[in-house]
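Two complexes, one shared chain (chain A), two partners (chain B, chain C).
Presenting the complex of A and B:
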């Protein structure tokens, strides 16, 4: 799995490519840990190029969300393949993750919050 | 022409008829003539004893927009009958710009009541040609006319009237109030210096009007003048100043340019939000990122039910922003709130829930509303609070299915191996969504113990549990599930076999594909199709040889599916397998074969494809044409 980071405003967008499994999940958790350590607490995951996800990957996403919330941050996701959406629905993670159809919609929601 | 005048004369005479229908017909016909005599007849008809005829005449006069009609109607402003006078005024307003010259002339009437009515009508028409004559009426002998003129100038809203209004304000005491109000409505900044001076007045009513006018003009520089009044002990004047500041802020896209003593007005502002005051709501919500404290948060919590979704979004964002600092306040409110407020607040708390907050939420697991219990279950699950596990276990026995589903999902997010027994129970729930949630929880927990449990499920009696177990194993997706899935390919239940084969497609490699090759000959067509898909996913173009025999499968959809799979392989050499399918007994198979051959670039299929042009089904012909074109052949 590969993670590419682009900062857009105060939000760090992580583009994840490949398999989100045990190894990929560990990599994601480490990347998020670094971001939180540098006070970047608004994190968006673009999952467009995730072609595999399993229980370890899901576990990593849940644990990442908890870490970000503890740091008073916000985690959003977008561009879910139907395959990923299906497992989010089965596990009901769709109820607790902030999921947007596109990255732009997610980033707009950060801008809206900033102007409250 | 003579005939027309004669005819109008006859119609005028009919207006006096005792017969309603005769008068009505006469009015209708008069409305078709442009002559002044006809117009005069319609004006006369507005005095008709019947309301229907009066309204008919009025409508016709409005559409004629005649200067003569306006002149005649103006004379009715002196009518002794109030309803006739009001009808004439109403018609003049509806005539609009066409009535302005006649009304302006009427301003010279000796009758001050007529002058006042004309002024009022001009104010309602809002035509700028009336400004100058109305300014002259500011110096009328009659105070009512003067006040009406000031109000009319305010309605027209032209800055040209400002110097006249300022002048009359200084000279005539009676007109001060309407003049100030008019200056506010006009909204011209040139009036501000004068209005600031007026803030020193001893007359409280004038002071209210001046503050309001300053607010309406909407200049940010006025804020310091208003600030002084916001700190005054008299609350009504302070609130008027606050309202003026709000108007200025709204006109300046939420800016206020200085610090305002908002805390003094917390109750006033939120009362405005509750009452649906648009300006106060917009202003109050725009301050939330700069203004919080327990009193503000308390008030915010009370308006959760009073706002639409857009505003709710802003309130939620503000509450999320202060989240943890005021969580106790929120929980306290939550425990005594109504259903909607509870759900909205739980949605807010979701963003900052932690173990401490989760413990405070535990009593809500017994809430009488199932939607609340369900939402609480999700929050407990995401909180990471192990103390919530017994509560979630209890919720898996809830009487409402979707609460049980949420509880199982939440247990999955929180659970350890010791909760597996509880979660497994959910696989036998009477509702499908609960069973699926329990399977989802198993997926999240994952690990060797879950795999072992699910594998053993494959060989229990309950087919539904077997199906869910194989789906869950597929999603767990670790290599240790491959062996149980391969075994499940030989399961007695076709649904389980199919799910197992589909699940195997998610792996890069699974070692031996022998069970899949056997599955290609399965008695169940769904299983055969799944085997085709999985073999292609695992072996890519090398799968074409394995699956080609299914091109003659008795099941049309297996043949169709195999054609598509071979096309997806991209194996050019497999094209020759597809050519005979162009002669298949089923049109849908012919179409699929044509498309597949085109995508594989099989130009050697051109002769066979060309023959499709003789088919009876036009979709087959079209598919053949497109394939021939794509391959560079000639139709």
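Presenting the complex of A and C:
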């Protein structure tokens, strides 16, 4: 798995490519810890290029979300493939995570929140 | 029937190697789409359980994968070198809490496999046998 970071405004966008499994989930958790340590607490995950996710990857996402919320931050996701969306749906995680169809929609929501 | 055997150290990066090997078998037998995705998911769940729980992440212990393909189904056996695996399965906790960070793997196996069997290997490890039928219209989830 590979993670590429692009900062867009105050939000760090992480582009994840490959398998979000045991090793990938560990990598994601480490990356997010580094971001939180540098006071970046608005984090968006673009999952467009995630071609596999399993329960280890889901567990890493849940853990990541808890860490970000503890830091009073916000985690969003976008561009889920249909089978990834299915996994989120059957585990009820689609009701827990903030999931957007596109990255632009997610980033717009950050801007809207900032102007309220 | 075609049969393939693989073995892996119980280390973090083994799962990627296993998925690459499994993908090669699937491609060889022209198994793709939702059926391939289901198989990769359920095998990865059994593999992770074997690595973390059965073998307690001890790199000296192996996880073995046997894949058998016939005209009607593909069967994957995942075997660890631990002990007490059947008890672990029988007494597993399933909180149903969507915010749990673990505990979904067996649910995925039982949801997406057409058949799941648990048995003990001759040396006491847990064998998880997962079958997916090949003679039905491809779908991503069982109806």
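The rule is simple: the second predicted complex is superposed on the first by the 116 of 116 C-alpha atoms of A that agree within 3 Å, B and C clash if a C-alpha of one lies under 4 Å from a C-alpha of the other, contacts with A are read in each partner's own complex, and residues count from 1 in each chain.
We take it that a residue touches a chain if its C-beta (ideal position, glycine included) is under 8 Å from a C-beta of that chain, and two chains touch if they have at least 3 such contacts.
Quantities reported herein were computed from a predicted structural model and do not represent experimental measurements.
In the overlay built on the shared chain, the residue A:22 is in contact with chain B and with chain C. Of the two partner chains placed by the overlay, only chain B lies in contact with A:72; chain C stays clear of it. By the touch criterion defined above, A:82 lies against chain C but remains apart from chain B after alignment on the C-alpha atoms of chain A. Using the contact criterion defined above for the overlaid structures, shared-chain residue A:95 touches chain B and also reaches chain C.
Looking at the shared chain after the overlay, A:52 reaches both chain B and chain C.
Of the two partner chains placed around the shared chain by superposition, chain B and chain C are both touched by A:62. Across the superposed pair, chain B and chain C both touch chain A at residues 21-22, 52, 54-56, 58-59, 62, 66, 87, 90-93, 95-96. Chain A makes touch with chain B in their complex at residues 21-22, 52-59, 62, 65-66, 69-70, 72, 74, 87, 90-93, 95-96, 112-113, 115-116. Those residues of chain A that touch chain C in the shared complex are 19, 21-23, 26, 52, 54-56, 58-60, 62-63, 66, 82-83, 86-87, 90-93, 95-96.
Of all residues in chain C, those touching chain A in their complex are 12-13, 15-16, 19, 34, 37, 40-41, 44-45, 48, 51-52, 98-105, 108, 111, 140-141.
The touching residues of chain B, counted against chain A in their complex, run 285-286, 288-289, 313-314, 317-318, 320-321, 323-324, 350-354, 378, 381-382, 384, 405-406, 409, 412-413, 436-437, 439-441, 443-447, 450, 471, 475-478, 506.
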